Amino acid sequence: MDKRIASLADATAEIGDGATVMIGGFGGSGAPIELIHALIDRFLATGSPTGLTVINNNAGNGHVGIAAMIEQGMVARMICSFPRSADPVVFTDRYQAGRIALELVPQGTLAERIRAGGAGIPAFYTPTGFGTDLAEGKPVAEFDGRSYVQERWLKADVALIKAETGDHLGNLTYRMAARNFAPLMAMAATRTIVQVSHVVAPGGIDPEAVITPGIFVDALVHVPDPAQEEDLNRAGARYPEVTA
Amino acid sequence: MDKRIASLADATAEIGDGATVMIGGFGGSGAPIELIHALIDRFLATGSPTGLTVINNNAGNGHVGIAAMIEQGMVARMICSFPRSADPVVFTDRYQAGRIALELVPQGTLAERIRAGGAGIPAFYTPTGFGTDLAEGKPVAEFDGRSYVQERWLKADVALIKAETGDHLGNLTYRMAARNFAPLMAMAATRTIVQVSHVVAPGGIDPEAVITPGIFVDALVHVPDPAQEEDLNRAGARYPEVTA
Amino acid sequence: MTGKLTNAQIAWRAAQDIQDGAYVNLGIGFPEMVARFQPAGRQAIFHTENGILGFGEAPAAGEEDWDLINAGKKAVTIRPGTAFFHHADSFAMVRGGHLDVAILGAYQVAQNGDLANWSTGPKGVPAVGGAMDLVHGARRVAVITDHVTKDGRPKLVQACTLPLTGVACVTRVYTSLAVVDIEGGRFVLREKLAALSFDDLQSLTGAPLHVEGDVTDLTVPEL
Amino acid sequence: MTGKLTNAQIAWRAAQDIQDGAYVNLGIGFPEMVARFQPAGRQAIFHTENGILGFGEAPAAGEEDWDLINAGKKAVTIRPGTAFFHHADSFAMVRGGHLDVAILGAYQVAQNGDLANWSTGPKGVPAVGGAMDLVHGARRVAVITDHVTKDGRPKLVQACTLPLTGVACVTRVYTSLAVVDIEGGRFVLREKLAALSFDDLQSLTGAPLHVEGDVTDLTVPEL
């Protein structure tokens, strides 16, 4: 078994219109910029995929990555906890114009809903959000005298994530706080596509150090020296590049 | 901050009568034999602790570890998934005599209930056990056309676990499949007491390789060269040793 | 009844349906034998409830490391690509539908797919382990079993009389006499030993066997 | 009103109540400042929602690694004993009650401990982040805030008028004028600036301030 795929274009080729796509990252850390830009390339060439629901902690920053997807009009709906950033203009404008939908989820509930999707738990109770606007319409229940909100699992058709090292079987490690949502999203998507900075043969990752076991991974693309979203934004980058 | 405690006796001194105690291990792998035997020593010297509820995957094997606790009469109730073993006579005899209570829980539900206890999730739904005797009396609900059983979190007063390497702050790594329930139990207990084979200063564990972050650990005892339950049982060991 | 498959032969037959790269959990005891019979050129990745993916075969006697065991508490080995994880992650793999196949033993299988394999009733000490999770988690749940009990009673039945492990979960049964699918609440016969007549097989089965399309010969090598 | 604490002084005061070895989450923005004022001999362990425990202060300009950031997306550093983990484990720490203290900002705090700090109403883009989890997770939830809004209205109120972050979750408020505990659905004044009379403080507070035992002077260094 070998889960490596040669190109970013091949890895992202089967993502369809209307798909629900989980995208790893917290702000720029862990953002799979190259996978996202490959998806934008396909959209620009073919008009697809569009009408996507994107699940990420945020809603893009500047004009690269998720912000660029939104700017191209590929995203119909965001599910996130914090759609603000240093430069949130792309999402903000579309949201205020009613051109993109938003489901706002507390960050810990977002993480737990994704884990639940991956772990086969259709619903769970959390104290988070009880008595607030974000719990409106959700079932509540009392356990041991305290009130809780029922939350449902989140699943996706596809997860796009960035990892540090991957072996041919899809076992993964991450780099520092770039780990964030990626191990959860890998569990919760029907198809998990990973860009890895380093590829090693099976045995190249200490079995104790594997963070995402290969069972959660479907495709692996080698992207050495991946771009860092924060660096791109500080340099004023846009995707696709605007040429004179 | 330094979570090291000098002796096994000190580490286990505050466990009270009637306490709920989670004990790591799956069969012999990961069983914190030295911590358990220290607790037996205290019971033999003082008559306490007794009336314990013990949570473990199994219910002891042979005449050491949890089996020895049961044999001494310290355990009123077991919560476990598989109370059978190569030599289950200690539990079996007491159970059939009505001298120990048993709550049987499917293994994945046991793991998830413990995690839920540690993660502040008072209840969740699982397909496991639906329509079986083990779901009797539990609430059921339908999600997306499938039926699920509601399960409650499990918490404990104390967790006794074995880890491979620990630093002074309580960050832990484990050894192969000895990891099993330990990281979950560390989260779910009010007080988590760990025997570690190796102690290192903070910085001695790669931050990427930490399996249990120190926030889940209260006390660390250095037990170099810990006994392996399986080896003890193959040698016909008993605790305390029977001397002629 | 003379001709029937040995346990090794039943395990061999079940192994032929496991694809290369499949993620597989084998129940403790008899089902563990399936791992021995992977067809040449295929390599399944085995999962064990206690937190290992991609482990290898048993070590030589005397080489056991008792921190490296499977769910049956037997020693196993590491292979390139092995991963360790804790029990909640292990059952996230199970419950979350990430395993391709689980192969389990059975006391009884009903024609609607109900499985009874954990308790023979109120006597003795009940023990369930991971079976109830596996039957609702793996994408395909198969059973390997003798076609009848030791005293000759059917194990494929209209409705289980023993305590259930799971409801409507089994989709294929490999027995000592036949391969039977469960579809639409019925047993559908796919393969049977050539020397055995349909009527004889039916007489050893506790619920109607249906035929849809060909019934092929159940052929296995000497093992 | 002339004399009031600076933000740094409010943060300093809050830092005095953090014990050695405490696990602490500081909200993004102003609360992050609390980390600067740990009393000598004490070392708190800071948690950030995005998966780091025990991180250190900001790196020098130009030394940032953008994979090593806090919840406010500011660069931090590793210290001996740092641990990384994923988001579900991170919020298990929060929701599971493992943090000793969370210190957050506020738009409004009600006398029953209700907190409003995530939304100023229907206009603009709503964003909640981890605040709703933190207020129901940490053992002690404290607020640091100016005593009144920029236009002089009370932030300590009978009932919040802005959308709630959490119900009955705050137990102590450190303001630019006072330290106020929330007990039994009431504001209990613990400390106030010496130059400020009780009546003047009450006039800047939107609900009754109760006194139980001594009210001590709120004393902080020049910073």
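Should a chain be cited, it is by its letter among A, B, C and D, assigned in written order, with residues numbered from 1 in that chain.
One rule holds in what follows: a contact is a pair of C-beta atoms (placed from the backbone, for glycine too) under 8 Å apart; a residue touches a chain by one contact, two chains touch by 3 or more.
Listed by chain with UniProt protein names: A, B = 3-oxoacid CoA-transferase subunit A; C, D = CoA transferase subunit B.
Keep in mind that this is a model prediction, so the values were computed, not measured.
K.L.:
Using the touch definition from the top, what's the fewest steps needed to get from chain C to chain D?
P.N.:
Counted as steps through touching chains, the separation is 2.
K.L.:
Just curious, how far off is chain B from chain A if you go by their C-alpha centres, in Å?
P.N.:
Comparing mean C-alpha positions, chain B is 36 Å from chain A.
K.L.:
Indicate the whole-number Å distance between the mean C-alpha point of chain A and the mean C-alpha point of chain D.
P.N.:
Centre-to-centre distance between chain A and chain D: 30 Å.
K.L.:
Which residues belonging to chain C are in contact with no fewer than two other chains?
P.N.:
78, 84-85, 88, 91, 94-95, 136-137
K.L.:
Quick check on chain B: which residues sit in contact with 2+ other chains?
P.N.:
112, 115, 119-121, 126-127, 174, 176, 207-208, 211 - these are the residues of chain B that touch more than one other chain.
K.L.:
Every pair of chains that touch: which are they?
P.N.:
All chain pairs meeting the touch criterion are A-B, A-C, A-D, B-C, B-D.
K.L.:
Where on chain B does chain D make contact in their complex?
P.N.:
Contact set of chain B toward chain D: 1, 115, 117-121, 167-169, 171, 187, 201-203, 207-208, 210, 213-216.
K.L.:
Spell out the part of chain D that touches chain A in their complex, as residue ranges.
P.N.:
That would be residues 48-52, 65-69, 73, 78, 84-88, 90-91, 94-95, 119, 125-133, 136-137, 163-167 of chain D.
K.L.:
Can you tell me which positions in chain A touch chain D when the two form their complex?
P.N.:
Touch residues, chain A against chain D: 26-30, 57, 81-86, 88, 91-92, 95-96, 102, 104-112, 114-115, 126-134, 174-184, 211, 228-231.
K.L.:
Once bound in the complex, which stretches of chain A touch chain B?
P.N.:
Residue positions touching the partner: 112, 116, 119-127, 141, 143-144, 146, 148, 152, 173-176, 206-209, 211.
K.L.:
Quick check: in the complex, which residue numbers of chain C touch chain A?
P.N.:
Within the complex, chain C touches chain A at residues 20-21, 23, 43, 45, 47, 53-54, 78-85, 88-89, 91-99, 136-137.
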